[in-house]
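Right after this note come the structures.
First subunit A sits with subunit B, and in the next complex the same chain sits with subunit C.
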Partner chain A sequence: MITLYDWELSANCYKVRLLMSILGLDHHAVPVDFYPGWEHKSAEFAKINPLGHIPVIDDDGYVLRDSHAILVYLAARYDKSGRWYPVDDPEVLGETASWLLFAEGTTNTASAARLYVNLGYDFDIDAVRAGAHRLFGVLDEHLWFREREGLDWVTSSPHPTIADLALFPDVALSEEGGVSREDYPALRRWTDRFRQIDGFTVMPGIFAPSRAAPPG
Partner chain B sequence: MTVMATAEAETQVCTDPVIRNQWHAVADLDEIRRGELRTLLLGEPLRCWIDSGGAARAAAGPDREIEVRTDYGYLWATLGKPSGGVFDVPETREHDRRTLNALTVGIEVSAPRAVENFLDMAHFPYVHAGVLGEEPHTEVAEYRVEERDGELWAFDCLFYQPRAAAASSQAVLAEYVYRVPHPYSAMLYKSSPTDASRMDAIGIFIHPLTATRIRAHLFISVLDDVSADREIRRFQQGVIAQDKPILENQHPKLLPLDPRAETPIRADRSAIVYRRWLSRLGVTYGVIPAAEGVRT
Partner chain C sequence: MSGEAERRWHPVASQYDVVPRHVFWGRLLGRELAVWRADDGYVNVWENRCLHRGVRLSVGTNDGRELVCRYHGWRYASRTAGCTYIPAHPADAPARTICNRTFPALERYGLVWSGEEPDGEPPVLDALEPGGAFALRGVTVRAPAEMVVDALSRHRFSPTDLIGAAADGNGPGPGGPVTVTGQDRYHVVLRAESADGGSASTAVFFAQPADADRTVVRAVLAGRPAPDSRIPVWRHHNTALTQLRDAVEAEARRRPPPEPMVAAIEEVPIHLSEVPEPAPKGRRAGLRVQVARKWPVAEDVAGFELVSIAGQLPTFQPGAHIDVHLPNGLVRQYSLTNGPGELDRYRIGVKLEPDGGGGSRSLHENVRVGDVLAVSEPRNNFPLRRDAVRTVLVAGGIGITPLLAMAQALRHQGLDFELHVFARSEDHIAFAELIDGLGESVTRHIGLSPSETGAALESVLAGPGPHEHVYVCGPGPMLDAARRIAAAGGRTDDTVHFEYFANPTDIDDSTTFTVELARSALSLEVPAGATIMEVLRANGVEVSSSCETGACGTCRVAVLDGEPVHNDVYLNDTEKQQGGEMMVCVSRAGGDRLVLDI
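Moving on, here comes the complex of A and B:
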C-alpha cells in the first residue's frame, strides 16, 4: 500500500492524489497539518523529508519526495497502459520532461500567488502574477496550435501525460491567486477536457465537470 | 509575514464609524508569535507583533498604536472606540472542548458576503456535496430567526448531512443554531456527533483588509477527544476551501442591502434578516447601502 504524506489544500499533493485516482491505486493518506500547524517543518517530519515539504510517498519502504518525481515513479510503475509516462516513446518523453519543468514555473508563479492570497506567504505579488500570465500565454498559444493539429494535450501524444496532470492544478486554481484565465481560451478548453478524464477527482477549490457551481 | 501589504494600490479606507468601532480579529496569536505581521485593516496599514514582554501589540496607519484584545486565540484590534470587549464565546470556558484555529485564509470578497454565506444552508448539497449535504436532500426546513440582546440568532435549522463533522461515522439530520454577534463575525452550533446533549461551535471571525478582501479565521471548539488537531482542522479546511471560489465569484463584491437589489433564488430568511440588521446598525463599509427612504 502506498502512503501519501498529504495536505488536502496543497496543489502538489493533489497532483499525486489525482494520478492515483486515475490509475485506480489505493493509498493511505497521512494528513500533515501544514497550516496553521506547520507540521512539515517539525523535527519529526524532517526525518521523512529534510527539505520540509510535501508530498512524500512511501511505497512499501520506497520513499520519494517531490510531486513530479512521484508522478514519474507511479506512472512508470503502475500505469499498465503506458500512456501517462510513455517510457518507450523518446519524443513524447522529452516533451513530457520539458512540460514538467514548465510546471515548476507555474508553481513558482501562479501557485505562489495563491499562497500569497490564501496564506499570507511573502512574495512579490505583482511579479508572480505577471510571471503566471507570461507562462499561461505561452501554454495557451501552444495548446491552440495543438488543437489545430487535432491534438488535445500538451505533448504530441494523443493521450494525456503526467505533464498535463502536473500543469492542471496550478492552472485550475489560478483564480484563487488573482490570476484570471479570461484571456486564455485554449487553456480553458484544455482544463475542461482534463476534467473529463476517467478517474478525475477534485480537491477543494476545483469542481467536478458535470455539476456547475450554483450561485450563492 | 506580509498579508496583502501596504504596497497594494487599492486601499478603500473605512470611514464607517460602526465598523471602525468594532473589535476585528486580525491574527491568529500563533501567527504573530512566529513573527511580525504586516497587513491591512479596513484599508489602513496594520502592523502586529509580540513585544519583548510577551504582550501582543498593534499599530495602524504610519505608526499609531491602537488598542488590542487577545481572546479565543486571536488578536483583536480596533481603529475606533468599541463600547465593550469582544463578544463573549462562553464555549471557550468549557474545558473539555478542543478549541483551535482551523485555518486563516485570504478571500477576495467583502466581509458581509462571507458572513451571509456562512449562514446559508441551501448551498450545502451543491458546494459541499457528500459532506455537509447531498442531493436530493436539498430542502431547508422552516426555521426561526430572532434578535436577542443585539445579536441575531437562528434556531431549529435542520439539514440532512452525510458527514457532519470530523468525528462523524454516518449521515445525520443535523441541527444547527446560528448566532451573529458582530456585523463581520458569526458562529454556528451544530449537534455534536460524540455527545448528543451538546453542540460543537464553529466561528468565522473576519479580518477585513479592505471593503472587498478579507482574511477569514475559522475558529472551532468541538467535543471530540478522538480526532487529532490535524484531522479536526482538515475537515474544516476542506469545507472553507470549497466555499472560497463561490465567494470570490459573487458580484458585486459588496453586499447590496437594498431588498430589491438581488432577487433571492431561494427563500433565504437568515440572509434577509442579516441584511436588514446591517442596515439598521447603519453599516456602510463592505455593503452597498440601501437608498435613503427604502425600507429594508
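Moving on, here comes the complex of A and C:
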C-alpha cells in the first residue's frame, strides 16, 4: 500500500491522487496540515522531506518526493498500458519531459497566484499572473494546432501522458488565482477532454464531468 | 443605447470553438457570451450568466440538448434558453417565463455570428465563398478594434501556394505586394500576390470587438488549401497575426486605456418578480403554428409536426400539453412527444375517436400539411421528477404521448427508468420508431385482456423500491386499475402520478351555493346547471383553463374555507381529502359556501 503525505487543497498532491485514481491504485493518505499549521515545515516532517514540500510517497519503504518525480515513478511502475509514461517511445518521452518542465512554470505562476489569493503568500501578483497568461497562451496555441492534427493531448501520443496530468490542476484551478481562461479556448476544450478520462477524480475547485448520454 | 457596433453582426466564435458537448466562453462589446452547439447542430448564443444566481453558464454542462447550470443544476433548453427543470423543486414544473437571455446566431464562413441587436444580414463578401472559406486561428489582441483594423490594413502574408511550397521544405516563396481590396470599421480584405505575380490569395480579417481593450482577429481565407498544406497555412497566418498582435499591444500599452464597455444587464422581468395577473381571457391560443408533416404513426393515430410561423416555439417540459383550437371550434389537449431541446417543432399524436365530440375527427379528416392552427403555449400539469432513484412509466394506447417525452428526457439524462407500453397490437403502438430508440428500458404488453392487463400491472407495480415514482397515462379503466393496484401494493399517492384523457365522472350540477373570492372581494351565487368557472367569467374574474372537464389541472385554485365536491380526475385521493385545492371547471360545494383564494 502506498502512503501519500497529502494536503487536500494542494494542486501537486492532487496530481498524485489523480494518477493513482486513474491507475486504480489504493493508497493511504497521511494529512499534512499545510495551512494554517505549516506542518510541512516542521522538524518532524523534515525527517520525511528535508525540503519541506509535499507530496511525498512511501511505497512499501521506497520514499520519493516531488509530484512530477512521483508521477514518473508511479506511471513507470504501475501503468500496465505503458501509455501514461511511454518509456519505449523516445519522442513522446522527450515531449513528456519538456511539458513536465513547462508545468513547473505553471506552478510558479498560475499556482503561485492561487497561493497569493487563497493563503496570503507574498508574491508579486501582477508578475505571476502575467507569467501564467504567457504560458497559457503558449499552451493554448500548441493545443489548437494539436487539434488540427487530430490529436487531443499535449504530446504527439494519441493517449494522454503524465504531462497532461501535471498541467491539468494548475490550469483547472487558475481562476482561483485570478487568472481567467477566457482567452484560451483550446485550453478550455482540453480541460473538458481531460475530465472525461476514466478514473478521473476531483478536488475542491475542480468540477466533475457530467453524466449525460454520450453524443450521437 | 444602440450604436452602429450594436446593430451589426460580429463574429463571436470560430467553428473550431463550438465542438460537441462544450460551452465556449466568448465576449462581444463587453458582454460575456456562452456559445454552444446542441447535438442537432443548432448553435446557441446566450448571455453568460444564469438568471438564477448569475453564475457563468460557460462552466455549465452542454448535455447535447440542454445547458445545465453548474451551481444549482437548473436546465435550459437549446434554442429558447427556457428553464425546463429545477432540481431543488423536483415536483414542480418551472414557469415558462424563466428564461435566460439569448442573442441571434448563425454560421457563415466558418465563423459563428451574433450581435446585440443586429439588423439586416451578416456581411456577405464577394471575396468569400460560403462553402469555400477556410477559417484561421482566432488571435486575441489586447487593444481596441480600431487600432487592430488599422494595423491589419498594413498586414502582410504570403499567398497560399507559396506557403504550400514551404511545406515541401523549399522555404517560403518570395513575398509580393499585399493590397487592401475592402475595409470598414470591423474588417479588412487583403489580397497577397507572389513577387512574380504568378499566385495570389485573398483573406478577410474580421475584428471582433470583444471589449474596449480587447479584439479578436478572426481571419478567413478565400479558398480551402489542399489537405497536406493546411497546417503550414494555419501556422503561417498564426505567426504573422501573432507578430501583428505583439506590435499592436506594444503600441496600445503606450496609450491611456480606453473606457471599458459596459454591457447592460436587463432587469429581471416583472412577471418573474411579482405575482402574475390571472390570464385575461380564459383559454388563449397564443401561438400560430403550421402543420409541417402529417403521417400515420399507428392504427387510427395520426402524427402531426407543428412548426412556428413566426419566432421561436416556447419551451416545454416533459409531460406538457398544448391546447389545439380546431377549425370546427373545438379545443382539444394533446401532449408533446418531443425529447429535450427539440424546439424546432412540436410533435403530437392524435387518436381518432369516431364516437368522440369531433375533435380528433377534425384533425384526422380536415387538417392538412400547410394548414395553420391556433395553439396554446405548452402547459405542464404532469411534471416529471428527476430525483427518483427509478421511474416507472406505464402507457396505455395513445397514453404513450406524454410518457414518450418523459422517457426521452430520462434516457438522455442517464436516469434509471422503465417504460411499459400496453397496446392492442404492435400496429397500435404509436411512434414505434422512437420507442425502439429507447432500447432495453421498454417492455411491450400486446393484446392483453382486461384481466391480463390487471395481472401485468400487478407485476409492473409490485413492491415499490425506495424513491420510486410511477407515471401512468391511458384509458380510464386502466388508470383506475393502476391506482387501485399501486395503493394496494403500498405506493403512496405522492409517488404515483396519473394523466387522464378525459374525466368520466358523472357530475351532479343540481346544487346551488355561494363562492366567496378572498382576493377579489366578491361573493357570487352559483346556480344549478352552471359551473363556478362560468360564473367567474360572467362576473369578469378570469381563470386559466385548458380542458375544462376536470382532467388537466390548469384551473385549480386554492380553497380557503368550505368543503369542495371535487368531481375531477386530476387531484389524487390524498389531495382531495385535504380539500386544499379544487378545479373551478367541475368542482362544486358540498355545503352552501366556498371561499376561494382568487
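Some observations on this one:
Please note the rule applied: the second predicted complex is superposed on the first by the 210 of 216 C-alpha atoms of A that agree within 3 Å, B and C clash if a C-alpha of one lies under 4 Å from a C-alpha of the other, contacts with A are read in each partner's own complex, and residues count from 1 in each chain.
Operating definition for what follows: contacts are C-beta pairs under 8 Å (C-beta built on N, C-alpha and C of every residue); 3 or more make two chains touch, one makes a residue touch a chain.
Quick caveat: nothing in here was measured; it's all calculated off a predicted structure.
Using the contact criterion defined above for the overlaid structures, shared-chain residue A:1 touches neither subunit B nor subunit C, since it reaches no partner. Legend: residue contacts after superposition of the two complexes on their common chain; A:122 is shown touching subunit B, with no touch to subunit C. Within the superposed three-chain model, A:37 lies in touch with subunit B and out of touch with subunit C [touch as defined at top]. In the superposed pair of complexes, A:148 makes contact with subunit C only, with no contact to subunit B. In the superposed model, B is the one of subunit B and subunit C that contacts more residues of subunit A. Once both structures are placed on chain A, subunit A residues 207, 211, 213, 215-216 are touched by subunit B and, in the other complex, by subunit C. Residues 1-4, 8, 28, 30-31, 37, 39, 101, 103-106, 108, 117, 120, 122-123, 126-127, 129, 215, 229-231, 233-234, 237-242, 244-246, 248-250, 265, 268 of subunit B touch subunit A in their complex. Residues of subunit C touching subunit A in their complex: 13, 16-17, 19-22, 24-25, 27, 32, 39, 59, 61, 63-64, 68, 70, 137-138, 140, 230-231, 234-235, 238, 242, 411-414.
Interface residues of subunit A, counted against subunit B in their complex, comprise 7-9, 31-33, 35-37, 39, 116-122, 125, 175-176, 178, 203-205, 207, 211, 213-216. Considering their complex, residues 141, 144-145, 147-149, 181-183, 185, 188-189, 192, 207, 210-213, 215-216 of subunit A touch subunit C.
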